[in-house]
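Listed after this line are the structures, all set down as C-alpha cells.
One chain, chain A, appears in both complexes that follow, with chain B as partner in the first and chain C in the second.
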Partner chain A sequence: MAIPTGAVVVALALFGLFCAFQGKNPFAVFAAINKAAFGSWYSFQNTLVRAAPLMLTALCTALPARLGLVIIGNEGALVVGGLSATAAGLACATAPVAVVISVMTLAGMVGGGLWITVCGALYYQRGVNETISSLLMNYIAIAVLNHLVNGPMRDPSSLNKPSSFPIPDDKMLPAMGDSNVHYGLVFGLVACVIAWALMEHATFGFKVRMIGGNIRAARMSGLPVARLGLITCFLAGAAAGIAGMIEVAAVHGRANESLAAGYGYAGILVAFVARYRGLPIILVATLLGGILASGGILQRQFKLPDATILVFQGLVFLVILFSDSLYGKFKFFKEREA
Partner chain B sequence: MTSESIGWWGVVLGILAGAVRGGTPFLLVSLGECLTEKSGKINLGLEGTLLMGAMSAYAVSYKTGSPWAGVAAAGATGALMGALHALLVSRPKVNDIAAGIAMLIFGTGCAFFLSKPYIQPSAPQLPAVALGGWSQVAQVQAALRISPLFFLGVAVAFALQWFFRATRWGMHVRAVGDSPAAARAMGISVGRTRFLAIMAGSALGGIGGAHLTLFYPGAWTEAISSGQGLMAVALVIFARWNPVQCLWASLLFGGAQAVGPSLQAVGISTGYYLWNASPYILTLLVMVLTCSRKRTLVGAPGALGSPS
Partner chain C sequence: MMTIPPVVRPAKPFDLELVKVTKRFGSFVANDQISLKVPAGTFHALLGENGAGKSTLVKCIMGFHQAEEGDILVHGHSREINSPYDAYQFGIGMVYQHFTLVPAMTVAENLVLSRPDTPGIINWKDEMARLREFMQTAPFKMDLDTPASELAAGQKQKVEILKQLYLDSKFLILDEPTSVLTPSEADEVLGLIRDKVKAGDLSVLLITHKFREVFGFCDEITVLRRGQFAGHGLVKDLTADDMAAMMMGGQRETKIVPKAVRERGPAGLEIKGLCANKDNGVPALTNLNLTVHEGEVVGIAGVSGNGQRELVEVLAGQRPATGGELVVHGASYHGTRAETAEHGFFLLPEEPLRNACVPQMSVAENIAFRSFDRPPMTRAGCLVSRAAIRSFAQDLITRFSVKTRSPETPIGDLSGGNVQRAVLARELGPGTARVLIAANPCFGLDFAAVESIHGQITEARNRGVAVLLVSEDLDELLALADRLLVISHGEFVYETTPAQADIKTIGHHMAGH
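What follows is the complex of A and B.
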C-alpha cells in the first residue's frame, strides 16, 4: 500500500501547486473539498450517491484488466445500459415496482454486457486493439443515445433537453430509509463484493488471472481463452450497464444526455488506482465520489471551473503510473507478491 | 437555402470539401502518431495533445493577434505534452496504453480548465488559401478555401516518407522501432531516439489542434475534437504506418465526418445523429478489416508497444 498511498499524496501536492498557481490557497481548497465530500452526514450522502455508479463503472475496466485486456468503454456501456433499461422500464411501466426494477436491471446488464462483449469478440476474432475499439464505441453509444432521445424515444414535452418518456415516479429506485442515498449504492457494493469473490477466490477468477499472467501457458493447459475472455467482457459491461440503469432509475428518471456525465471515464481511474481489485474499488470510488461531489463548491466558492476535477484525476493517474516504475527500487517499499 | 441551386451536387461537394477541411487534423495527428509508432511506442494520449494544441492556439492567437503565433504555440504545447509522455513511457514497467489514457485525461482536463476565459472571444483565424477563383459557383469557391495547415500536412507526409526511406535519422527511428536491441548494438541511443520521435509526433498533433480552433470549426468548444486523436491511432494502422497513405486515409475520414452535415444542408435530417457516428463506425470497420490475429501486420514496427 505504501507506493499507491504515497502517489496519491504526491498527486495532492501537485494539485495544490496547480491551485496555488491559479491564485487560490491550496489549503482552503483542500478544506473545502473535505467539507463538501465528508464534512457532514448530509454531504457524505451526496458522496455515496456519486460513488455508486463509480464502483460499477470501475468494474468495467477492472475485470478485463485481470485478463490482460485494457477496456475503457465504460462510458459507452453505461449509456447503452441506461438506454436499454429505460426502454425496458417504459415497456413494463404498469407492473409492480419490484418487477420494473428487476426488468430494468436485467435489460441494463444485457445491454451494457453485449456492448463490451463486442469489443472482446473483435479482439479474439480479429485481433482489433480492444482499447481503441472500446473507446470508439463510447462515441457510437453517445450518438445512438442522441438519435434515440431526439427521435424514436423522444418525449415531445422535453423541450430544452431532449429526453425519453419518464419512468413513473412510483416505479423508480427509492432512497434507503430516510436518507438521500438510493439503493443504487447496494447494487454497487454487492457487485464489487461479487467481483472480488469471483476474481480472487473462485476457479473462474483463477483461470482469468492465469490468462492474464501468461496467455500461452493458459492455452497449453487447455483453458478456453476466448470463451473466458468473452464472459469476463460481458460481466464487465453488465456492471457498467447497471450503473446506467441506476442513473436512470434513481437519479434522472429518464434517458437523456445527462447519462454521459463522465462516470465512465472516472471509473477507469478508480479501477486503476484500486489495482483492479473489487474491495479496494469500494474505497477508491468513495474517495473519488467525494471529490466529484465537491465540484460544485469549487465552482461557486473558488471560481474554479468544473474541469478542475478532471485535471486532478489526470494528475493522480500520471503520478500513480510513474510510481509503478518505483516498485522494487527500494527495500522499504517491497510488497508481497499478490 | 443557396445549396438547393446545385441540388445533390451540394452533398458531393460538401463531402469533398469536408474531406480536406475535416481531414487536416486527422492528417497531422496521424502523421505524428505514425512517427511515434515507427519508434516503437504508442501514444494514445494524442487526443489530449490535440485538445491542448487547439486550446493554446486559440488563446495565443487571441492574445497576440497573430494566428501563426497560435500555430507555433500549439506545436510547442504538443511537444511539451510529448515530452511528458516520453518521460513516462521511458520508465520501466510503464505500459504505453496506460500512459496514453493518463495523458488523455490529463490533457483534456488541462485544456478544459485553461480554456475557460476563451469561450466568448473570437480569435484571429488563419487565412485560407483560395483555389476556387476559376468558378462562378459560390459553393465551389467556398469548398476550395483550403487551410494552409492542409498543405503543411501534405508536405510533412511526403517529407516523412522520404525521411524514413532515405535518411540516416529515419533509419535510426525505424531500427529503434523494429528491434531496440539491434539498434542499441549499432550504437543508437534508443531512449533519446524515442524521446525525440514522441516529442516531434506530439508537436504535429498539437498543430492538428490549431487547425480545429483557427480554421475549422474555428472556435473553441469542449467537444471540438471528440475522439479525432484516437481515430488517428486507428488510422495509422489502416495506413500501414506509411505517411503518404495516412494522407489518403485522412481524406477518407474527413469525408465520412462531413456526410451528416452535408445531407442536413440539403434538407435530409433523418438519422442526423446517427450520421455523427459514421467516422467512428468507419474506424471500427477499417480496424476489423485490416487487423488479424494470425499474422503481424505488414509494415508494423517490430517492437511496437512492447516494453523496452
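What follows is the complex of A and C.
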C-alpha cells in the first residue's frame, strides 16, 4: 500500500501547487476540503452519499483486473444499470416498496452485468481488446440513455431536462434512520465485503487469481478460463449496475442525463488506488467521495471553477500510473520484506 | 594512496574477483561471504545444487542485486555495480536462462537496440554497415533480417550470445545457457565461446549442472553449497566425483529405482488423429496417433521444434487441437477440471514457471492447484482453507525437499530447480496420477534432482501410471522409456525400444531423413 499512499500524497502536493498558481493559499484550500468532506456529521453524510456509488463502480474495474482484464466501462454499465432499473421499477410501480426495490436491483444488476459481459465475450471469442471496447461502450450507453429519455421513455412534463417518468416517491430507496444517507451505502459496503471474500477467500477468487497470474497454468489446471472470465465480467458490470440503480432509486428518482455524472470514471481511479482489493476500496471511495463533496465549497469560498476537483482526480490518476511504471526502478521500491 | 582510475570500457579481458560477498533476502542468506576469482582470459564454472545461490551471486555482479557486504574487484579495483548499465560500463554482460529478445523485431534490430548508447534517431544505413562488419568476425553466422520470433531456441540463444559480443563484453556470464539446447548445439555454442577465450578475447563465468560441459570447456571451478563457498579447483585436478562431493557435502549414495518387470496394462492415453497448428497458423502436428498403456513409459525423441511443444500444449489444454481426439481410460477427454481429477491426468511441462505456476502466488497455493477446490481444502463448500493448504503443502515440501523459506514465499522467488520440484510435488505427490505427461522434466536441475525425478517417474510407471515422456535428452529417454518414438515435422517417423535402439539410426530419423 506504500505506493498508492505515496502517489496520493504527491498528487496532493501537485494540487497544492496548482491552487497556489490560481492565487489561493493551498493550505486554506486543503483545510476547506477537509472541513467540507469530514468536518461535521452533516458534511460527512454528504461524503458517504457520494462514496456509495463509487464503491460499486470501483468493483467494475477491480474484479476483472484480478483476471488480467482492464475494464473501464464503468460509466456505461452504471448508465445501463440505471436505465434497466428505471424501466423495471416503472413496470411494477404499484407493488410494495420492498418488491420495487428488489426488482430494480435485480434489473440493474442484469443490465450492467450483461453490458460488461459483452466486452468479455468480445475478448474471449474474438480477441477484441477489452479496454477499448469497454471504453467505447460507455459512449454507446450514454447515447442510448439520451435516446430513451428523449424518446420512448420520456415524461412529457420534463421540459428543460428530458427525463423518464418518475419512480413514485414512496417506492424510492429511503434514507437510513433520520440521516441523509440512503441505503445505497449499505449496498456499496456489502458488495465490497462480498467482493473481498470472493476474491481473497473463495475458490472462485483462487481460480480468478490463477488466471490473472498465469493463464497457461490456469489452462493446465483445467480451469474454464473463458467461462470464469465472463462470470467475473458479469459480476463487475452488475456492481456498476447497482450504482446506477441507487442513483435512480435513491437520488434522482428518474433516469436522465444526471446518471452519467462521472461516478463511473471516478470508480476506475478508486480501483487503481485501492489496488483492486475489496476492503481498501471502501476506504478510498470514502476519501474520494469526500473530495467530490467539497467541490461546491471550492467554488463558493475560493471562486475556483467546478472542474478543480477533476484536476485533482486527474493528478492522482497520472501519479498512480506513473508510479506504477517507476515501480522496481528504484532501490526504494525493492526487496522490502520481513 | 592508490587512486581508482575512471571507468573506461575495457578493450581486453580483465581479472574479476569477488571478496566475501554476502547477499540476504530478508533474514535468509542467499550468499554467505562468497569469494571467487576469475583471472583474465579464463573459462570458469560456477557449480552447485538447485538453490545454492549461483544465480543470486551473478546477479550481484550484474548489478541486479546489491550485495550487503563484500567487494567486487574489477581489474583489481573495488567497484560499486548498481545496475546492469554499470555492469555494461565495466564490460560485463550476461546471457540469461530466459530469452530477452523482442520477438517482433529482426535480429539486426534486436542487436542495435540492445546497446545502451543507441542514439535517439538511428541511422540504419550506418548501423547495418557496422553490423555486417561485426558479423564478419562473429563466431556464428546469423541472418540479420529474420524476425526473432521465427528463430528456434538454439538460434535465439546464439543471438543472445552475439548480442553480448556485439556489446563488446569482455566478461561474459552464462546462466545455464545450454538448458534449452540439444547436446550438439550446446557443444557448438560453447566451443565457439571457448575459442574466443583461448584467443584472449573474453573471460567467461558459466553456471551449469552438466559435468560434461565442465570437463569439455572449463579451466576452473568454484562450488557453492546452500549459499556458502564449498570448494574451488582446477578442472584438470578434479574428477566428477570430487565435484559432486563438493556440491553435496560428503559422499552420497546413488539410488536408482529399478524398472519393475510388468505386463503392459490396458490403454491409458490414446491420441487419435491429432492435428494442431503452430502460433503462426502453420500445421505443427498432422494426424498423430499414439497409445500409451498403463505401466509403460513411452518416450518421444526429436530435434526441438518438430511439434513436441505443440503436442504437450494440446495435452495440457493450452493449445486447441484442430482435429482428432484424446481418449483417456477409454473415455473422450477434453481437459476439464473434473476430467483431470477423475483420470489423474497430470503434467510436468517444461519451463514450469511459465507453464505450470503463478509466480506471484505462494509456493503452498501453487502446490494446491490440483486440489484447492475440493475437501479437505475447502470450508463450507466454496471457501479455501489457508490452513489446510498450508499443511498439505508443508508435507509435500518436506517429502520432495523443495527449498523454500516458507510455504508463503511467492513461487517466483524460488530457484529454477526448486520450482520444478514444487511442480513435481504437486503432480506426483498425492499419488493419484494415472496418466503423466512429462516434457523435458530435468532441464536446469542438478544431478541429484535429476536422479530423484527419474526415480519418481519410474516409480510412477511401476505403480501402473501411463507415462508419456517428451525429451530432447536421448540418454534420459533410453534410461526411462519402454518404447521410443521419433518425431519429425509433426509426425512419428520411427519406433524402437531402448534394448534394440541404435543411436545412429535414431539420429538419422531425428534429422528427418
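Points to keep in mind about this one:
Here, the second predicted complex is superposed on the first by the 324 of 338 C-alpha atoms of A that agree within 3 Å, B and C clash if a C-alpha of one lies under 4 Å from a C-alpha of the other, contacts with A are read in each partner's own complex, and residues count from 1 in each chain.
Here is the rule we use: a residue touches a chain if its C-beta (ideal position, glycine included) is under 8 Å from a C-beta of that chain, and two chains touch if they have at least 3 such contacts.
These numbers come from a predicted model, not from an experiment.
Partners chain B and chain C clash in the overlay (superposition on chain A). Touch criterion met: A:272 reaches chain B, while chain C stays clear of it.
Of the two partner chains placed around the shared chain by superposition, chain B is the only one that A:127 touches, whereas chain C remains out of contact.
Shared-chain residue A:139: touches chain B; no touch with chain C. Looking at the shared chain after the overlay, A:213 reaches chain C, while chain B stays out of its contact range.
Using the contact criterion defined above for the overlaid structures, shared-chain residue A:317 touches chain B, although it does not reach chain C.
Touch criterion met: A:147 reaches chain B, while chain C stays clear of it. When the two complexes are overlaid on their common chain A, residue A:300 makes contact with neither chain B nor chain C. When the two complexes are overlaid on their common chain A, residue A:227 makes contact with neither chain B nor chain C.
In the superposed model, A:161 makes contact with neither chain B nor chain C.
Put chain B and chain C next to each other and count what each touches on chain A; the higher total goes to B. Once the complexes are superposed on chain A, the part of chain B occupying the same space as chain C corresponds, among 131-139, 149-157, 185-193 or 275-283, to 185-193. Chain B meets chain A in the complex at residues 44, 84, 88, 91-94, 97-99, 101-103, 105-110, 112-113, 116, 226-227, 230-231, 233-234, 237, 271, 273-274, 276-277, 280-281, 283-284, 287-288, 291-294. Contact residues of chain C toward chain A in the complex are 25-27, 66, 316-318, 335-341, 347, 349, 354-361, 365, 369-370, 372-373, 378, 382-384.
Within the complex formed with chain B, the chain A residues making contact are 70, 72, 122, 124-129, 131-133, 135-140, 143-144, 146-147, 150-151, 265, 268-269, 272, 305, 307-315, 317-318, 321-322, 324-325, 327. Taken together, the chain A residues at the contact with chain C in this complex read 197, 201-207, 209-210, 213-214, 216-224, 331, 335, 337-338.
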